[in-house]
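Just dropping this structure here.
Naming follows writing order (A, B and C), and every chain is counted from residue 1.
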Amino acid sequence: MKHLRQELWFNTPHRRDYLNITSQVEALVRQSGVANGLCLVNAMHITASVYINDDEHGLLEDYDEWLEKLAPHAPTSQYRHNRTGEDNADAHMKRQIMGREVVVAITDGKLDLGPWEQIFYGEFDGRRKKRVLVKIIGE
Amino acid sequence: MKHLRQELWFNTPHRRDYLNITSQVEALVRQSGVANGLCLVNAMHITASVYINDDEHGLLEDYDEWLEKLAPHAPTSQYRHNRTGEDNADAHMKRQIMGREVVVAITDGKLDLGPWEQIFYGEFDGRRKKRVLVKIIGE
Amino acid sequence: MKHLRQELWFNTPHRRDYLNITSQVEALVRQSGVANGLCLVNAMHITASVYINDDEHGLLEDYDEWLEKLAPHAPTSQYRHNRTGEDNADAHMKRQIMGREVVVAITDGKLDLGPWEQIFYGEFDGRRKKRVLVKIIGE
């Protein structure tokens, strides 16, 4: 069994950002030499997501507005978690909607994705260094 | 390490449908010859889900109504994504709530599911051919 | 390839509870002897979740309140599923928001978690015996 572990680091300019990281993950799959296996990609922070969906600008704005509706940032005093001195309780909720991780099949040495599937890093409490874990196993 | 890759194709009659695909996945596990491993089942399209829950008619209707409340289809003009000519922005959101994929343990050559766990294909923008990926690895 | 399968059983005192199970999963990883691989942790019941987030008391209360807002328990008559004699339709929804499973990388014989990542069992219809599956594969 072959395996590879790599961290991807991000420092986004805004509180919330949506970054397409597909090509970075694809490069690690090539580097791993795995022809058939599984590729786990997960946020290592609990106020961010890794998810798969469309790389379409309007949709990313729709997601952002929708998540704000389901778990609004303000007023920050509505969340008990923010009494700890944080202001990111909403980010812990948005991340649960969008998910922590994706597991992608590797077939013939490539990410086995559908035609529109793109891997995204969803940041909900950015403007600081945070990271994603890529773990690949297979043969 | 053994591995198997198979696509399952669907063309649902309605915009939204919920199909129990457990027996199709179970058949692929048998075919793989894997006794212990992992089985990834994921939608290859970004307006559909694979999730695990109950095969109970009332619950499926409850899910449908609940998802419409959290991410309504109409008016379609409320979503920027639909300015691209699509009318399926809501489907991209419903899919995030229900999830893209499940990973199921394989033990003694079978899907290692709890008593009520059933694997579902959740379609949120149907009436066209779409597919699910099954990838099995193990020994 | 090494593999390990273990069930963890819970009987929570309230309808909804949030239990940190990280150390129990970590112990199974040690027991498996796997240095590099994947660890799947999933609820075997469809009214409970396994998810990763913060072990902070205020946040757990925030989650509970938020989930009640997105999928209220009462009135139980609002859900078709409850006509079967159940009163747990809301639990089937809360579980979809929080997720069924997590897949965690194993590196150097340990769960490869970020600094604040903790594995939780989220119970939404408790006060009875229910279980979680841990499946570990790797080398």
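Following the convention adopted for this analysis, contacts are C-beta pairs under 8 Å (C-beta built on N, C-alpha and C of every residue); 3 or more make two chains touch, one makes a residue touch a chain.
It should be emphasised that the depicted structure is a prediction, and the values quoted were computed from it without experimental measurement.
Student: Chain C and chain A are one sequence twice: same or different residues at the contact, by the over-half rule?
Tutor: The interface is built from different residue numbers on each side, given that under half of them are used by both copies.
Student: Tell me the rotation angle, 0 to 180 degrees, that brings the C-alpha atoms of chain A onto chain B, to the nearest 5.
Tutor: 120
Student: Hey, how far is the Cα centre of chain A from the one of chain C, in Å?
Tutor: Taking the average C-alpha coordinate of chain A and of chain C, the gap between them is 20 Å.
Student: What are the residue numbers in chain B that touch two or more other chains?
Tutor: Only 1, 38, 70, 97, 99, 103, 137 qualify.
Student: What does chain B use to touch chain C in their complex?
Tutor: 1, 36-38, 51-54, 56-59, 61-63, 66, 70, 97-99, 102-105, 107, 112-117, 137-139
Student: Under the definition above, what is the set of chain B residues touching chain A in their complex?
Tutor: By the definition above, chain B touches chain A via 1, 3, 5, 38, 40, 42-46, 70-71, 79-84, 89, 92-93, 95-97, 99-101, 103, 131, 133, 135, 137.
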